[in-house]
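Note sheet for the following structure.
The letters A, B, C and D name the chains in turn, as written, and every chain counts its residues from 1.
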């Protein structure tokens, strides 16, 4: 059976761990095949649990999060006959599938929507804390917004300074409020559980929020402009499905806008908020990113953001 | 009310704690039953996982290492009458010292590096505790607040340093560059294959040495004598010519140094790099360990082992019984702290009734 | 910073300070009675959980508030049993409660709602409402005063007003009533109270009950007023900050209010200063800004506040015969 | 001049006919292995003052605490006014009209006098009313009994004598008919003690019953109607006071003859060993407590400093011992000026040959959580004989202390017993043994016999005289005028931080000294 090992935030982090779980769950429901899973509490458990799964014959073993990189390098080498998959990092081993997302590209599209929806000319982004991955979202978002309106003001405020920040919806709400106070009318949350506080505060003020990772449009219909989808669930589902169907490949899969691995969510909940113009702008940018005409800078390549 | 007769030593020191732990597991077992699992099997899995085989035991000892250092840190300060809530932050900052030295001389053999990294970690940890000590001694700022605040400051500082300074570009994780294998503190499994893949490393014997060291320091040196005098009665210490202010600063620094050794285990022994939040609450567990161990190294060792076993056994349990989540493990840990620590005296009266000798107590002459 | 900015920061201060005020005053009652409560963090969390669960199930914010208070009262009772009856170590008991709340909330939440411990998003009816004070809307355009009234004085959660109300009540109870006199005495010298014919045990339980109620309201504020549901570990260290505030305030109610407001203010300011170039310094790392509240607190503490002497009996169980 | 006055010589004989106010029958109480009270019977007649004496640790306080409901007896009966009662806590005792002034005061230090008085007897839920009622009641009590004390002062700002007054006021405020006083005079000056006894006499004349525990046999003889003697947990005798003598009581208590006065030869003073010049010292709050004091102490003499507690003695001692930095002036020890006052100054003084027996052994002189041997090196822990370098040589320290146990008759003879579990007298012996056996050139001693039983007092006084005869310079500070007079070779009187007079103990008149201590500088003014 396949197995999933979640990253530190835990299975229900309202973010990519939960997405992984959803993908695995969907696979399990469709095929009737169960899957093993484990939530780590300390970093030392990574290797331990992964090895335990491998020893007990789990196959493939999938892990979300680049924090698994070191672990998978070690354990995958010990179990050459087991297949592994890692999301968000590249591990160049013959039995490892690497799945990476271009969060910056999807965030770019979301940034376009935010800039267009803003009436005040001020928008915001709320990452949980100063962390490269979260900064990549924020940086893509800023580039997208600036592409629509070079004069737009973008507020960028962290909730906290460590992983605790993911669990602080009260802080998230207050940060959102501080941005609203300064005139922001569209706010993108990149803060896991704390992001719920952001969306709540924005909805309470009857402004627009943007969800992240999974589709959060339904949380406050009419007050969530869109969600920046990162299809970890699809990647997980596909990995398990590929293995089941005998199509497993140990390659590097990059999921950007072109692959529809990332991008804004459109559904009945935000139908009224998205104008045709906005749709068109997103489609145009999507095409340009796909063709390479637009290259969205990835914060992680140089730890800095051009805008 | 009947006369209270002291319990025989073995009942007091062994039977009572054992009964307390059993009680905690009994209540924990009810929780396990509630989720439809077999509590006996759960206990068996935990015990086997923690002690039953090399890997598991090695993990237990690895956790124990952290808890010994953190527990000793809190204990030492406590003997001087200081409540150090800041072991978490002190250990975190110590990680910086360890990694700086390790990366600076990366590739040097561990035999040379281990003492250097140890000293660096201890110094950084000591520094982070010295400031609250200084503020307490010279400005009267309550060490409880300052150490709490220093934990928060450490988080911010380390977040900045790891994400913005130490993180190599092009790496997705927010972590420092790696320490080379020759430089890292070697794993015990390299000498004792019994430990399987477990991360217990040479820091563990160091922790045992620290237990002896702290015991010696507190009960066999003039310094320790002064520390205890200060902790029990600062006025008497002053009368004895002891400089309270100086002693507070030194003790806090030593306490922080001990907390800093957690970083040696984690950064140089296990992770091989500096990652965010590697302390993962070990400093707070240290508070429970210190108080449950009554600030005595033997007690600290046992309490640290108990927590190490709970962490490792809990992992095995969560792994083998998917219905039992990591939150239940935390709950069971809480019950153990509650019953063995805070409510440790609950069973004393009934035991006293059982063990009360028939003959009336031998009266000590009143004078 | 303009006038409007200032008002907005102060507005934010009130919201951020509210849970701290509850937790800090809660701690004041128990520590004044001689019982150290490092478990404030866990009680906040437990109460936040209880409140969100019941509010989610019943759809009633008030039922949620009661449930939150109920949970923290139970936790206070455990703390009392361990530290008053069994004369156990108060610190361990508090640490245990912190673990217990963190573990049990997630565990129960997961088994009831299946969202990893988080409760469902609460509809607005299940949240504690905010109050618009009379004429707030009418006067909001009056320069300065009107805006001040509209934005800062009016429009907060009912619980925020209660928090501010509890402060004078606490000051009154502590210094003007028989109960307060006995409470302060039992924290300083329980023997004096015992020989005066008053039960130390009963009094300490009463203090802990008040602690439970207050911190319970604070926890409920987190989950059903400030946020719309429970999130794992959502207390996020506020219990510890409240403890620090209590010491900073030297265990006195008005200074406790001032300290909580100060902490809230520095935090609110911090959110606004991130990314702003400071005059003369320029752009500083956000982490430096984030650490600012703590650094300033330490400077204030070391520079102006001086020695804080805890209630003498705090932390030691009352033992007549050893 | 008789020290304790009897305003009223006749005793209420007729009261014996009615039931005793208090009757205890076969009371037993154990603390763990210590059988503090065994089969105690005691009967106290209404309207009398009943004394209880006994060595330290004999069980007196325990017995009274049982009567007061603070402890519960393991077995036995208590009868109040002839009726069997059950007293399971202090409020039971209070409602039976029993009040107690404890040996260690039960006051809240940072409360005002008024707050302490009303605590537990507030009446109404709001404090304002209770306090104002108490205020007027206090005025009445002050008028009736002369127990003046300012109601709004914090306890911590009061002298011990005044604190004790508050304890008595507490009991009277609660309307006690039976008043227990546990060693009330241990901390009082003679004048204060006199005053207290006048109050007690007044109370007795009003029909109240008083139980008085004291180590001072003169007080027993002067004020009580009957006296009970306890020894090692048993009641060994109860006799009418008129039919006994101090010598007889002392023998009953200790089980041997006790010499009740100090025997000493003429002093033969030598060189100046300790000199204090223009010493000005402030307390922790910055208030000047010692105002430009100068004096010197020679080898082979005992200089006694007499004074009412709280007139700067504590600060003076602390400054001389190096613990407190003087505001001005110098301390010269063995010819060297002391420089490192303050933080760790006490260490320098010890090296220079000054030993210090502090006034308050529990607060300063001992770490009560330490084992006895650990306290026997307190202050000297850094000396090489207790281990070289960092290490502490436990064996050497213990062996040395074992020698002293025998020499100073410290009981129980267990160096590993926690110091808190020794009686007051034996704790004091531990301190004395430590400081005297250092063979110091200079010994400064504060309140050496406070709360100590007569057997121990005899021993301690003899030790001090022996030190003098060995050529040591001794500075003795005591509020016990008797002690000062019998030990000192010269007496200095301190009042309000100044030395206001010097007297020769042989010729000094007690009344004159008392006036000096009260701040009346010349006789004319006094008359």
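Here are some notes:
Everything below uses one rule, namely that contacts are C-beta pairs under 8 Å (C-beta built on N, C-alpha and C of every residue); 3 or more make two chains touch, one makes a residue touch a chain.
These numbers come from a predicted model, not from an experiment.
Of all chains in the assembly, those touching chain B and also chain C are A, D.
The greater number of contacting C-beta pairs, out of the two interfaces A-C and B-D, is seen for B-D.
With each centre defined as the average position of its C-alpha atoms, the distance from chain A to chain B rounds to 36 Å.
Rounded to a whole number, the gap between the C-alpha centres of chain A and chain D is 75 angstrom. Computed centre separation for the pair chain B/chain D is 46 angstrom, with centres defined by C-alpha atoms.
Contacts with at least two other chains are made by residues 10, 130, 161, 164 of chain A. The set of chain D residues touching two or more other chains comprises 31-32. Contact of a single residue of chain B with at least two other chains is seen at positions 4, 156, 159-160, 164, 325, 329. Chain C meets chain D in the complex at residues 175-182, 184-185, 188-189, 191-199, 312, 320-322. Residues of chain C touching chain A in their complex: 5, 8, 11-12, 15-16, 19, 110, 115-118, 121, 222, 226-229, 231-234, 236-237, 267-268, 271-272, 274-275, 286-287, 290-291. Interface residues of chain B facing chain D in the complex, by the touch rule stated above, are 1-6, 220-226, 228-229, 232-233, 235-246, 360-367.
Every residue of chain C that touches chain B in the complex is listed here, in rising order: 78, 81-83, 86-93, 95-100, 102-104, 106-107, 110-111, 117, 237, 240-241, 243-244, 247-248, 285, 287-288, 290-291, 294-295, 297-298, 301-303, 305-308, 310, 321. By the touch rule above, chain D contacts chain C in their complex via residues 31-32, 68-71, 89-95, 100, 102, 106-111, 115-116, 118-122, 124-128, 130, 170.
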